[in-house]
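Letters A, B, C and D name the chains as they come in the text, with residue numbers starting at 1 for each one.
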Amino acid sequence: MRRGPQVILPKDIGLIIAYSGVGKDSVCVDAGTGSGWLTVSLARISKHVYSYDTREDFLKIAEHNVRSLGLDNVTLKQGDVFKKIGEKEVDLITLDMPNSEKALKNAKKALKPGGMVFGYLPHIEQVKLFVKTLSKLKFEEPHIIEVIVRDILVREEGSRPSTKGLWHTAYLVFANKAS
Amino acid sequence: MRRGPQVILPKDIGLIIAYSGVGKDSVCVDAGTGSGWLTVSLARISKHVYSYDTREDFLKIAEHNVRSLGLDNVTLKQGDVFKKIGEKEVDLITLDMPNSEKALKNAKKALKPGGMVFGYLPHIEQVKLFVKTLSKLKFEEPHIIEVIVRDILVREEGSRPSTKGLWHTAYLVFANKAS
Amino acid sequence: MRRGPQVILPKDIGLIIAYSGVGKDSVCVDAGTGSGWLTVSLARISKHVYSYDTREDFLKIAEHNVRSLGLDNVTLKQGDVFKKIGEKEVDLITLDMPNSEKALKNAKKALKPGGMVFGYLPHIEQVKLFVKTLSKLKFEEPHIIEVIVRDILVREEGSRPSTKGLWHTAYLVFANKAS
Amino acid sequence: MRRGPQVILPKDIGLIIAYSGVGKDSVCVDAGTGSGWLTVSLARISKHVYSYDTREDFLKIAEHNVRSLGLDNVTLKQGDVFKKIGEKEVDLITLDMPNSEKALKNAKKALKPGGMVFGYLPHIEQVKLFVKTLSKLKFEEPHIIEVIVRDILVREEGSRPSTKGLWHTAYLVFANKAS
């Protein structure tokens, strides 16, 4: 994989997949594409992923990554989800970008009833704004988590958690459109 | 879903999916079936899941759950993976049962080169035994983690992590067969 | 100990003691007294503790607790630290009350140079307000932490962290007056 | 402070103080002395600390640290607690050394009824051995914890936990002699 912008880590991608219940019949929208890491992870397990970014350079990195994995169910789109999300009856929309709460109105229109929107938000202030907007748009009660993965060492001299590690990537917010 | 035996939680299932990279072309073996929760989660995103349990009552619960979700890519098998795993060129084998290290020899035979075995182990002593057996069987260096998901509350009176929560389900051990 | 209002737990008291470096020569101010748990814990290891609360009923519970432990170095004071802290050259001032940032101006006057103020704040919004006020009053850069204590079970059937536990009590904020 | 051997961190020292309830009337034994960090921390709040190490070079570092802080209630002793602990009616004995379970028999003799022994043990295997020995010597049920301190960042751009941090120092084991 070529990496450009910061990527969402497997620990967080795993929770997105598990909490959304996305599967082989699911249609996903991912914005912003970034390096395409999340796009590709969703494409491996879902029917189709539409991935939006405003930056052409990011889309080129993502295109390279999509191709190198031989995935044929990804549509990379240069566009601004704050202005428009063209898809309908979407199962999952993942938002990883600054001011992502501004995409929630369009996300709601694009989602099918019961569909899920996901926000990846490093700071608690962003979470608060996101949650407030979800509430205004009458999404169902959101679920907010942080995922902590701790490495365990099992060695000759003894077993213990790793001394140092990753403490925080971002808060994960999940909310369903009323069904 | 009907629940019988204890189930693996979404937080742990998410990490299994993310760390194994399992997708629509993947063939999985899950043992033991239990209530079929992990079987079903894997079936939603992979090509086929072969799910083993020695207990007929568990398999009946699982069969109910598989049917109610309309999944047609699950084969439930009453059998003992300590004695035999019938499949070949498997991408992922998940082990959630007592003494699961005893299944590793057969798991290795069933896995394709580079395929992954996963162990779900509540106690550190089990992890040590599992890791020792992996080493004897010349699996690649295992990755051992625990996954902690912390609920965050965002409310009128203020934002904070949830007061109480789940601290431990099991250790997750991942190891690849040499490719 | 008689308990009335919610108490600060040993895990948090331990960090207050360790981070403040309070010892046998230290003079402390504690507000609000509450049940007197923190007051008593500080009194056991320091020279003198002045403990403020506006509520007479809480002070009575605290008085009972102080007496039953035979401590003779505690002065319980009915008073409002937002209006006045009578002591001077104080080593440590601990604040556990709503709107505790309103006590910081008086805390600064009461502290000796290099003395430490501590805030016990359940919500992140309170932390932000507290930190902002510290900055205005030219306290040194604050240290903000949360303390997580995880029980470990070592038993015949195996060793593992406790399944459930306490995830959050409050954020702990420490800041020194410039020396 | 001069530092030689690895020191116990304030987070762990805080919990030792809070869980042991050590105060101005308490007599402590600390072994091994190491750099004297724990010895000094206990001396600041207790009546007297007897600190044992077999290594003269460590005791010299500790002596420097004790003197520079002007503490007059520390007795540094070159000696092996596996062979003998000379004190009686001790309130708290802290053990931070390899094979510290071998000191438990002497610790029991030195402790007053209800007194507490503490073990600082990096690996779970050490914890198991320590706990087993406590049980043989009829100490009360031990309390085993790990202490995790997480830094919180409150800044202009937003508030969040620190990205990386310390995950593990050691397991802390506390047990009381029957009273």
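Rule of thumb we're sticking to: a residue touches a chain if its C-beta (ideal position, glycine included) is under 8 Å from a C-beta of that chain, and two chains touch if they have at least 3 such contacts.
These numbers come from a predicted model, not from an experiment.
**Q** Which chains does chain C share as contact partners with chain D?
**A** none
**Q** Relative to chain C, which chain's C-alpha centre is the most remote?
**A** Chain B.
**Q** Quick one: compare the interface residues of chain A with those of chain B and tell me same or different, with half as the dividing line.
**A** same
**Q** In whole angstrom, how far does the Cα centroid of chain A sit from the Cα centroid of chain C?
**A** From the centre of chain A to the centre of chain C is 41 Å.
**Q** Would you mind pulling out the distance in Å between where the CA atoms of chain A average out and where those of chain B do?
**A** 23
**Q** Could you give the separation in Å between the centres of chain A and chain D, each centre being the mean of its C-alpha atoms?
**A** The mean C-alpha positions of chain A and chain D differ by 46 Å.
**Q** So which stretches of chain C touch two or more other chains?
**A** Correct list: 124, 146, 150-151, 159, 161, 171.
**Q** What residues of chain C sit close enough to touch chain B in their complex?
**A** 122-126, 146, 150-151, 157-169, 171
**Q** Mind listing the chain C positions that touch chain D in their complex?
**A** Touch residues, chain C against chain D: 10-11, 13-19, 21-24, 41, 44-46, 124, 127-128, 131, 142-154, 159, 161, 171.
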